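Heads up, the next two complexes both have chain A, just with different partners, chain B and then chain C.
Let's look at the complex of A and B:
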C-alpha cells in the first residue's frame, strides 16, 4: 500500500469515528449557526451608520466571516494536545509502531475530524444563513479563486505543523495542558480570524507580521476578497512556502531528538 | 452530624490537592490567564477602529465581558465538573453509588468536585473589572461596590442554574451533551456584546426566556450610567439577584424532582 492510501485510510477511519455521533450534527450545525449569527450581528452593529472603514465594507466582512467559518473548521487542530496526552499516558508507544509515519498519522486523524466538522457543522450553518438571511456576492476572478485555494492549502499545512511541533515539546516537558491554551491565545491574537488584521492598531500589526499565524486563514481570505493585489498575493504565497520549509526543517531536527528522548525514557 | 463541616472538608481537600504541586498550579493559572487576557484584549482590538458598538465604548463592552467571566467562574467552581460530567456518571453507574451515600447528592457533588483551578478565572475576572472601572474613571461609592457584589452573586446564581438545567435532561436521556454545550456555551456568546445589537426577538429571549442578559447587560448599565433598556423597564438593572434566585430555586426543585423520577441505566 502506498503512503497516500494509508493516509486516506486513517483519515477515513477518523471521519467515521466522528460520524458515530450523527444525531449530534443538527445541534452541532445549530451551534455554528448561532456563533455565525452573533458575529455577523456584531459586524452589522459596528458598521451601523458607516459606509466603510479603511476601505472595508460590511459586505466584505460578511464574506470574511462566512469563509472564515468554513476554512476555520479545516484549520482547526488539536494535534498538539493529542500528542501531549499520548506522551503523558504512554500510549504514544503504540502510535510509533504503526506502519505510517507518526506525523502523517496525526495529520490524517485530524483531517478526518475536520472534514466531518466541515461537512456537518460549517456547511449547514452557512446554508441556514444563506436561506434565511442573505447571500454575499463573490465577485472574484478565477485567478483569485485559484490563488486563494493554493494559499489556504499552504495555510492548513502551516498550522498543522505548528501544532505538531508544539506537541513534540511534550516529550521534554512531560505534560500537555499548556499546548492548547498557548495556541489559543497566540492564534486568536495574531491570526486575524476574529478581528481581521485590517482593523488592528499599527503596533500590534507589526508584531503579527513576523509570525506565521496570519498566513493561515487571514491572508488567503484577503486574497479572495480582493484586498490584496495579485503581485502581493504571489509574495504571500512565497512567504507561506518559506514558512513551510522552515517548519519542516525544525520538525526534522526536533523529531530526531525526540526519538532519542523517548528511548531514554524507555517509552 | 454536622454536614456543613464535612462539605467544607471536601472543598479544602480539593484546594490542597491542586495547590500541592505549586509549579503546575502556577502554570495552569498563568496559561489560562493568558487566554482570558487575550479574549479581553481582542474586544479592545475589535473596537479600536470603530470606537463603539450600539453606543457602547471599548471599555464598556470589556466590562460586560469581565462581569460574565467573573460570575461564570464563580459558578464553575462548584458546577463545572459536577454537571458537565453528570451524563457520563449516569452512563457508567457512578451516579447510583452516589445516591446511596447519606448526604444530599447535589451538595456532595458540588463540594466533592469543587474545581480549584477556577481561581485563575476569578482572579483575572476581578482584575478585568478593576481595569474597566479605572479606565472608565467610574467613581463608585461604598454602596455601588456593595451593589456590584450583589450583581455578581445574582449573575453567579444565573450561571449556576444554567449548569444545573442543562444537566437535568440526562436523568432521562443518556448522552445529550451537545444540547448542554449549545445552551451553556454557544448561546452565551450572545452576551459578550451589548444585547441591543440583536433583533428584538433575540432581545426578548435573552431577557425573558434564557435571561442571560441579567448577568451583564442590564446591571452594567447601572455602573456605566447608561439608558439602553430596549423595550423593557429601567428597573431591570436592579433585578439580577432576584432573577438569579428564582432561576436557581427552580433549578433545585427540578433537580430534586428529576432525582425522584430517576431510574438507573442498570450498568
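Let's look at the complex of A and C:
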C-alpha cells in the first residue's frame, strides 16, 4: 500500500513542478489545438469527394486523431533521455541515494508530467475542437470501451519500459544523444501515431507486426474504433501481456548488470 | 559502523583517440580502453559518532570512496559494510539509514519550495509525523531557514540551497551522514554556520559524519579524525594533532631575548633559526607542552618578545601533495 501512495506522491510532486509555469499551460493547449486542427484539415482534404479510403471513413479518422491526441499525451515519455542526461551529468548519484526503486521513481515522475499535459493541453484542445468544430460520434459498446482502457494501460506500461531500457544503455555508452533519436525514428514509423497503420504497405506492416510499438496507441484505438473484432482484441491484449512480461524480464537482467557499470562523471 | 576491507574501484575509460579522420572512423568500431584505478586497497574502520574528514587533491578518489560507502557505486573488489549492510548489494535498505549531500548537486525539486520535497521525503523514508515535525523545526531553527522555507529552490542563494539540502538529508535521522564537499563555493559566514551545525548535530544525535573537502578549516573545526587520500590510496589516517606532528614539523616559537643570545640546549626544543637576539625554536607538542616550552625559554633570560606559530595545515598538505606527485612522476 505504502508503495503506491509513495508512487502517487512522486507523481503529484512532478505534477506540481510542471504546473509552476502558468503561461506554459496556455501555450501547450494552443499547440495541441493547432496540431489537431492541421491534422484534421489534411485528412478532410484527402477524404474530399470520397466515402471511404480502404474501408476507412473520415469519421473514423477524426476519432483516430482525437483519441490519438488524448492517449498520446499519456504515452509520451522522456524517460530514456532523462536517464541518459542524468548519467552524463552525474545527477544520477542523487537518484541512487533514495530508498526507492529507480524505475518506479522515473516512471512516477513521467506520470506526473503526462497527467499535467493531459489535463492542461490535450483535454482543453479537444474541448475547443468540440465546441467550435464538431463532435465525433463514438458508437462503441461498453465492452469495447473496457477493452480499450485495459489495452491503453498495457500500452503505457510497454512504452515506459522500452524508454527505461533504452535509458539504461547510457550506463554503458556514457552518452544520451542517440536515445531520443532512436525512439523518435522507431516510434513514429512503427507506432502508427501520425499515419495510421491501415494505410501502410504490406511489407512495412509485417515488420511492424514483430515490434511492440503498434501495441502502444494504435491497436487500442483500433479496438475502440471497431476496426478490430472482439476475438482479435483479446489476442492483442495477450500479445501486450507477453511483451510486458518479456520487457520486465530483460529489465531485471539489464538493471542487475547496470549497477556495476555505473560510473559517475565529473567527480 | 563502517568497515572497509581491501576495497578497490577501477573503471574503463576511452583511450584518447589519435588525430586524423582515419583514426576517427576506426574509433567507431574498435575503441581502445584503459583501466583507470580510482582507489585501491582501502582499509579502514569508523565507529559510531565519529567525525571524519577526507582530504586529498582533485581526482584522488575521495568522491569515489563516498559514493561506494553510500551505495551509488559498486566496488570492483573488496567489501564494505555500513550499518551491518553491504551498501551496493542492498542499496535501498542502506539508503534508509544514511543521509547524503553532494555539494555540487541538489536533490531538491528545483521549481518547488523545500517544504514540498520534505513532505515527499517524509513518505519516502516513512518518517513518523511527530518525528518529522520535530526534525523540520529543529533544522529550520538551527540552519536559520525560516525566511526562505516557502521559497522555490531556484530562487535561493548557494548557501541557502546547501542548508536546505543538508536539512533534506537529515529528516529521517540517518545514522551516518555523508557530505561530499559541503562547503564548496560558500562564503565565510555560511561555511561557519554549516560547521557549527555539524558539530551540534553530532553532539545531539550522535550522527556519524563523513565529509570530503578541500577547505582545511572544515577539517580543523569539525573533524576529529583525518584521512588523507592521494592517488587512490590512504596515506594518512589519524587525529589532527598527530598529523601535524608527523607532517607539519611542529609548533614554532620565535623568541627575542634582551641582551643575551645563547640559545637553550634541550633536545625537545630544536633551534631552527638564530640571528642576533632572535631565536626560533621548533617543538612537537606531544613531546613538550606549550607552557613548559615557554617557561623553559624564559627561565634563564629575560624576554623582550615572544611569538607562536602553529603549523599551517593548508601548507603542510600542499607540500605532501607536491612531494607525492613528484615521486610518482619519477617512477
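We take it that the second predicted complex is superposed on the first by the 261 of 267 C-alpha atoms of A that agree within 3 Å, B and C clash if a C-alpha of one lies under 4 Å from a C-alpha of the other, contacts with A are read in each partner's own complex, and residues count from 1 in each chain.
Following the convention adopted for this analysis, a contact is a pair of C-beta atoms (placed from the backbone, for glycine too) under 8 Å apart; a residue touches a chain by one contact, two chains touch by 3 or more.
The structure displayed is predicted, hence computed values, not measured ones.
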| item | value |
| --- | --- |
| Chain B versus chain C as contact partner of A:181, first or second or both or neither | first |
| A:204 touches, of chain B and chain C: first, second, both or neither? | first |
| Which superposed partner A:41 touches (first chain B, second chain C, both, neither) | first |
| Contact residues common to both interfaces of chain A (with chain B and with chain C) | 21 |
| Of all residues in chain C, those that touch chain A in their complex | 11, 58-59, 63, 67, 70-74, 88, 91-93, 95-96, 98, 100, 102, 104-107, 109-112, 116-117, 119-120, 123-126, 152 |
| Chain B-touching residues of chain A, taken from the complex the two chains share | 21, 24, 27-28, 30-31, 34-35, 38, 41-42, 44-46, 48, 50, 53-54, 175, 177-178, 181-182, 184-186, 188-189, 194-195, 199-201, 204 |
| Residues of chain A touching chain C in the complex | 2, 5-6, 9-10, 13, 16-17, 20-21, 90-94, 96-101, 259-260, 262-264, 266-267 |
| Chain A-facing residues of chain B, complex | 24, 27-28, 31-32, 34-35, 37-39, 41-42, 45-50, 53-54, 178-179, 181-182, 185-187, 189-190, 192-194, 197-198 |
